[in-house]
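You will see chain A twice below: alongside chain B first, and alongside chain C after that.
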Partner chain A sequence: MAVAQLAKDVRAFRSARVGSRTRAQTLWGYALIAPMMAGFAVFFLFALVASLALSLTDWDVLAPPQWVGVDNYARLLHDDAFMTALRNTAALTIPNVALRLTLSLALAIALNSRIRFRAFYRTLFFIPVLTMPVAIATIWKWLYDPTFGPINAALGRLGLPQPEWLTHQGSALIAVVIVLLWSGVGYDMVIFLAGLQNIPREYYEAAQIDGAGALRQFRDITLPLLTPTTFFLTVIAIINSLQVFDLIFVMTEVGNTNRFPTIVYYIFEEGFKNFRMGYAITVAWVLLMIILAFTLLQFRLQRRWVHYA
Partner chain B sequence: MSNHRRMGSEALTTLKTLVNRRTLLRRSAAGAAGLGLAALGGHADVDRVQAAQDGVCGGEEITITYGIWDSAQLPAVEAQAAAFKELHPNITIEPQLVPWDDYWTKLQTSVAGGAAADVFWLNADNLPVYAAQGALVPIQSLVDDGSVDADAYPESLRNIYTFEGTVYGIPRDFDTIALFYNKDLFDAAGVEYPTGDWTWDNLRAAAEALTVKDGDTTTQWGIASTLELQQGYGNFIEQNGGHILNDEKTEALVDEPAACEALQFAGAFIADGLSPSVAEQQANDPYEALFPAGVIAMIPGGSWNALTFSQANPAIQVVPLPTGEKRASAIHGLANVVWTGSQQQCAALEWVKYLASADAERILGETGTVIPAMEGLQEDWVGSIPGMDLQVFIDAVDYSFPLPASPAGPEWETKLGETLIEGWSGGIPPDEICARADEAADAALSAG
Partner chain C sequence: MNRLTLRHALSEIVLHGVLLTIGILFLLPFVWSVATSLKPLRDLFQVTPSLIPSEVRWQNYTDVLDAVPFVRFYANTIVVTVARVAGQVFLASMAAFAFSRLRFPGRDAIFFVLLAGLMVPEQVLIIPKYALMRQLGWLDTYQGLIVPLLFSSFGVFLLRQYFLSIPADFQEAAMIEGANPFQIYWQIYLPLARPALAAFAFLVVLWSWNEFLWALIVTNRTEMQVLSVGTALLQGQHFTNTALLLAAANMATIPVLILFLFFQRHLVEGITLSGLK
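Now for the complex of A and B:
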């Protein structure tokens, strides 16, 4: 589509059918986006095409790549380690996305009402979003320390079981989701706040006059009018969850191994630790396909449930 | 207006003298000649090295980069660079420090990207991989013509850096493993200090006596059964008469009775609560945090820990590892290697030649952080920490075994460690741990 439009522009531009003023403006347009497009072409497009070619090779980084065709992709189907990473990532994505949207919406609604120190709370919840992920992961790793950490100390005092958080799959999943929520909810909250403030007050007043209670108003006014925001945040949340790496790298490593690998961590491990860069690129492409599939699906479905004002 | 014009012409004159066309031509010609020479060089061109003794390597200013990973050794490296500069004033050494955690990924990407350091540190794990792929310049010729005195180095170390009969690196330093212990904790518990005659039973008994619990939580552990092959369980395996890999490095042998018994001995410390659990070691590194903080009484550790431990707590002492069926201590040392893609191979080889000399090795010993590999130069290091009996590490060379490494890469060790960690944190029934670990390591070795 875009290419056809571009061709049309160029033809129109070349022919005298376009006035000189429009021509100047068109030139300026292309000139101004040229730097970004150049960077995009080199660092993204070229890299994308090159990586696709590399995914069809066996490359140990030190010697030149050797062509193997689709062997890497075939190998992926029988790779237990990849399946584990895939399972972990899925197990992480579902609760993370669901809880993140719910919590951030609740927070946004709460901080949209006339409570005191509203601005302070909004800042407070947003600060984790601004903090470096590695710093967050390091601090939380200490909090989760099974012997000396405050979380287990508190649990112990309450008489509850004190799990070895980051060492076992189940508890590591819970631990990582908690940190993801803590660090991500602020961002979603701010976006939801913007969405909420875009809903005209008159709708609520009209509903109130008609006798609708708070819950009814929420279900029939707030939620439908927030669907564009919800759609955006869902797409972003899914993409981010599927790509989690830094938390995993810092929190769940012990010795030379990782207790809760995700797909991106597996890509890093295969490429940089095991000298199998060609295979790592293959996994990266498979991840791209998965994310693309999810996103396209959501865009397709949006016609059903998203109401644009 | 007139001011601008005056300044403009002044600036122009200055510019003209700086970028004098003649100087520019001369400099670029010299540069091209230098590149041409280096291009002609190809692999270790020893004739060029020998011929260019005065005004070495063409005589013009050369800077070569030297990749290292230990910031504690930077002063020693800089001292070596300064001494080298006096020998060859036209060659400057530029150390490039990349911390251990990032060193290997950075090395891989820089070799792939064609921008690796001219000379860099390499360890045993990675020598077969890099040598097999032709990323290193063989320095066999330096050994053959006597520029480097290979016999001055222990054979077990030299063999680590020989691949398929060709020498790729000269050992720079070595390290062995011994048992560190905290005198204060022993005094408090009334237990006698470890001696060189200890057996596995002594070790176990002391660990039990030195573990202190406060209700359900442990406030002090008797020993750290660490999750590392080199500093931990690898030594136990060899002490019990077992082996980690076979001689051809194609198969893991941890499933054999002797090796398996050793692994169970190491795992029992964790299972019985005498050592920090896997989870605890994941949260706090025993070497960096728990032992220096005085929460563990004994820990098997490499000689490179001696300085930091003694600075953390003067009450920390060291004795040889206990004896199992026999004595064993893992020996390892890193080497300086030259990258095949280096544009300054002549200068790089000169630097490696110097680093292999007695002068350079002596500098290492004097600074006290690592043990120089060259025989006879260890006294400086032994005396560098007066309160600690460092001779223990030198004596360990006599019963040392080299860490095994495979051309298929270090993945087998990761998989082995992964299974042990899984087992020792309760995920695998204890009697299946050895078999599974063996399987995992074999799979990685054959996957190549």
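Now for the complex of A and C:
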């Protein structure tokens, strides 16, 4: 009898302790996320709602915003400068993503073999990733200089045409893509390398026993098993390409006009040079929609080609 | 057997040849930049430029320091970066600990909302944030450069993954000893997560050091500019001498490269971590 009573008491005591423990844990939980969430509420949630509201206004920063409804969105359709920015961004995104993934995969595979000086090569390809984009743009702007730059000097010596690289849209596109590749390939390479190292060696050994050549192994083992990495890198590369700014701000600014404005450059120009904040935000929302659309599309398409082990 | 090893050696030589060529192409812009930054003015206007300066002019570097408060740009960048790193690591790890190790109502829903932060490009938020800074009188201040960039959804996401991989036994043992959750976070989980924290911290250093758009918008006075903005605005504004522009670009970059040589392992780990989890 007494023992049963004791057991009951113990149980009651325990559940009371557990109850107060969960209550305490709840309070602690909220307390520990509070600083993060407070900042997030102000600089993300509030800013997001304010952004949506401001996109429906005319606002020059000084006077209070004027409500214009969806006028800003309607204006986009007839805005040639916006269309140019959109076209430039699309034009750099496609070759940049395709070449970046191909080149970085090739480098990663080369470095994944048991070759000597791997760390040395990896460091070499990685240095541009660390370099400040503004500094990169400054350096390359000089390299592309039509009259005194080394690139045109080399082309001239080979008897090839010497374009005014950054002045015309077509050659500026090529120039920008080259710099983007140079500065981005190292990042993808490191991630591809990690992906390659996750593929079990036995797969290749088994394939060798079955008499599969290097090409066959690449197609049937490496590529499929690497698809989660490829998928991730494609998503990131598209998002990054759509948001190129620092490089454009410095590199393609020739004689006070930008010869290769991208979407983010246009947002900056409209907002902080022309002080059309409402319109600038509208362009930013279009960018958000494009990024979201591409990301969702890719997540949808991934079922067809991404293999998760 | 001999033919096989010969073939292997040959293919390795070819591979080294290709990799070295690409490596030199990767390095050449830097070499050119360093060489040009040391050239006297007359070397810059030659139609067949040579890599080697006709005379090494270190004075280009001191000329930059004389023309603009470059030392101040360094100081600003360091202050801002240290504050952003400390803030982001502390706030994100504390929240990540709660999201991964404590149970409270609404936890997963709140975390999900936080993840939405990863989906929205900063350009959408930058103008409302700028307006807020104006309202608060934070333009051209350190707090304006630092505070809005302290809250990283990405950091919470990354560190939560890491905390989840640490066995819960530590936490239970500490709770029986009577430690409160903050103590468990601070004294047990933070030290255990050191590799992930170092990797995340280095990513934040790199991002913060090179950050441009926000710094460009919230600062106007030269004394408050950071290296990226100072270097970008040198162009046309202060001088047209390319040697000086490149000297500035080199000076802005070098600290990160040195840091990288020391912390290479952490950075590569961090990038891999952020890429694969």
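Rule of thumb we're sticking to: the second predicted complex is superposed on the first by the 275 of 309 C-alpha atoms of A that agree within 3 Å, B and C clash if a C-alpha of one lies under 4 Å from a C-alpha of the other, contacts with A are read in each partner's own complex, and residues count from 1 in each chain.
Definition applied: a contact is a pair of C-beta atoms (placed from the backbone, for glycine too) under 8 Å apart; a residue touches a chain by one contact, two chains touch by 3 or more.
Note that the structure is a prediction, hence the values are computed from the model and not measured.
Undergrad: Quick one: classify A:Leu292 as touching chain B (first), chain C (second), both or neither.
TA: second
Undergrad: Which of the two, chain B or chain C, is in touch with more residues of chain A?
TA: C
Undergrad: Does chain B (first) or chain C (second) touch A:Phe148, or do both, or does neither?
TA: A:Phe148 sits against chain B and chain C alike.
Undergrad: A:Leu223 in the overlay: touching chain B, chain C, both, or neither? Say first, second, both or neither.
TA: neither
Undergrad: Should A:Val61 be classified as contacting the first partner (chain B), the second (chain C), both, or neither?
TA: In the superposition, A:Val61 contacts both chain B and chain C.
Undergrad: Tell me which partner A:Ala74 touches in the superposition: chain B (first), chain C (second), both or neither.
TA: After superposition on chain A, A:Ala74 lies in contact with neither partner.
Undergrad: Classify the contacts of A:His168 with the two partner chains as first (chain B alone), second (chain C alone), both, or neither.
TA: The first partner, chain B, only.
Undergrad: Examine A:Thr257 and indicate which partner it touches, taking first as chain B and second as chain C; both and neither are also allowed.
TA: The first partner, chain B, only.
Undergrad: Touch check for A:Phe272: first (chain B), second (chain C), both, or neither?
TA: The answer is both, since A:Phe272 touches chain B and chain C.
Undergrad: Return first, second, both or neither, reflecting whether A:Leu160 touches chain B, chain C, both chains, or no partner chain.
TA: It touches nothing on chain B or chain C.
Undergrad: Overlap of the chain B and chain C footprints on chain A, residue-wise?
TA: Correct list for chain A: 61, 142, 145, 147-149, 253, 256, 272, 277.
Undergrad: Which part of chain A faces chain B closely enough to touch in the complex?
TA: Residue list for chain A touching chain B: 60-63, 141-142, 144-149, 156, 164-168, 253-257, 259, 272-275, 277.
Undergrad: Using the touch definition from the top, list the residues of chain B that touch chain A in their complex.
TA: 104-105, 108-109, 111-112, 129-130, 133-135, 216-218, 227-228, 276-284, 409-411, 413-414, 417-418, 421, 425-427
Undergrad: What does chain C use to touch chain A in their complex?
TA: 12, 15-16, 18-19, 22-23, 26-27, 29-30, 32-33, 36, 44-49, 51, 91-92, 94-95, 97-99, 102-105, 107, 110, 113-114, 116-117, 119-121, 123-129, 131-132, 134, 147-148, 150-151, 153, 156, 175, 180-182, 185, 206, 209-210, 212-213, 216-217, 227-229, 231-232, 235-236, 242, 245-246, 248-250, 252-253, 256-257, 260, 264, 268, 271-272, 275-276
Undergrad: If we count contacts the way the header does, which residues on chain A are in touch with chain C in the complex?
TA: Touch list, chain A to chain C: 21-22, 24-26, 28-33, 35-37, 39-40, 42-48, 50-51, 54, 61, 107, 110-111, 113, 115-117, 121-128, 130-140, 142-143, 145, 147-150, 153, 157, 182, 187, 190-191, 194-195, 198, 229, 232-233, 239, 242-243, 245-246, 249-250, 253, 256, 264, 267-268, 271-272, 277, 280-281, 284-285, 287-288, 291-292, 295.
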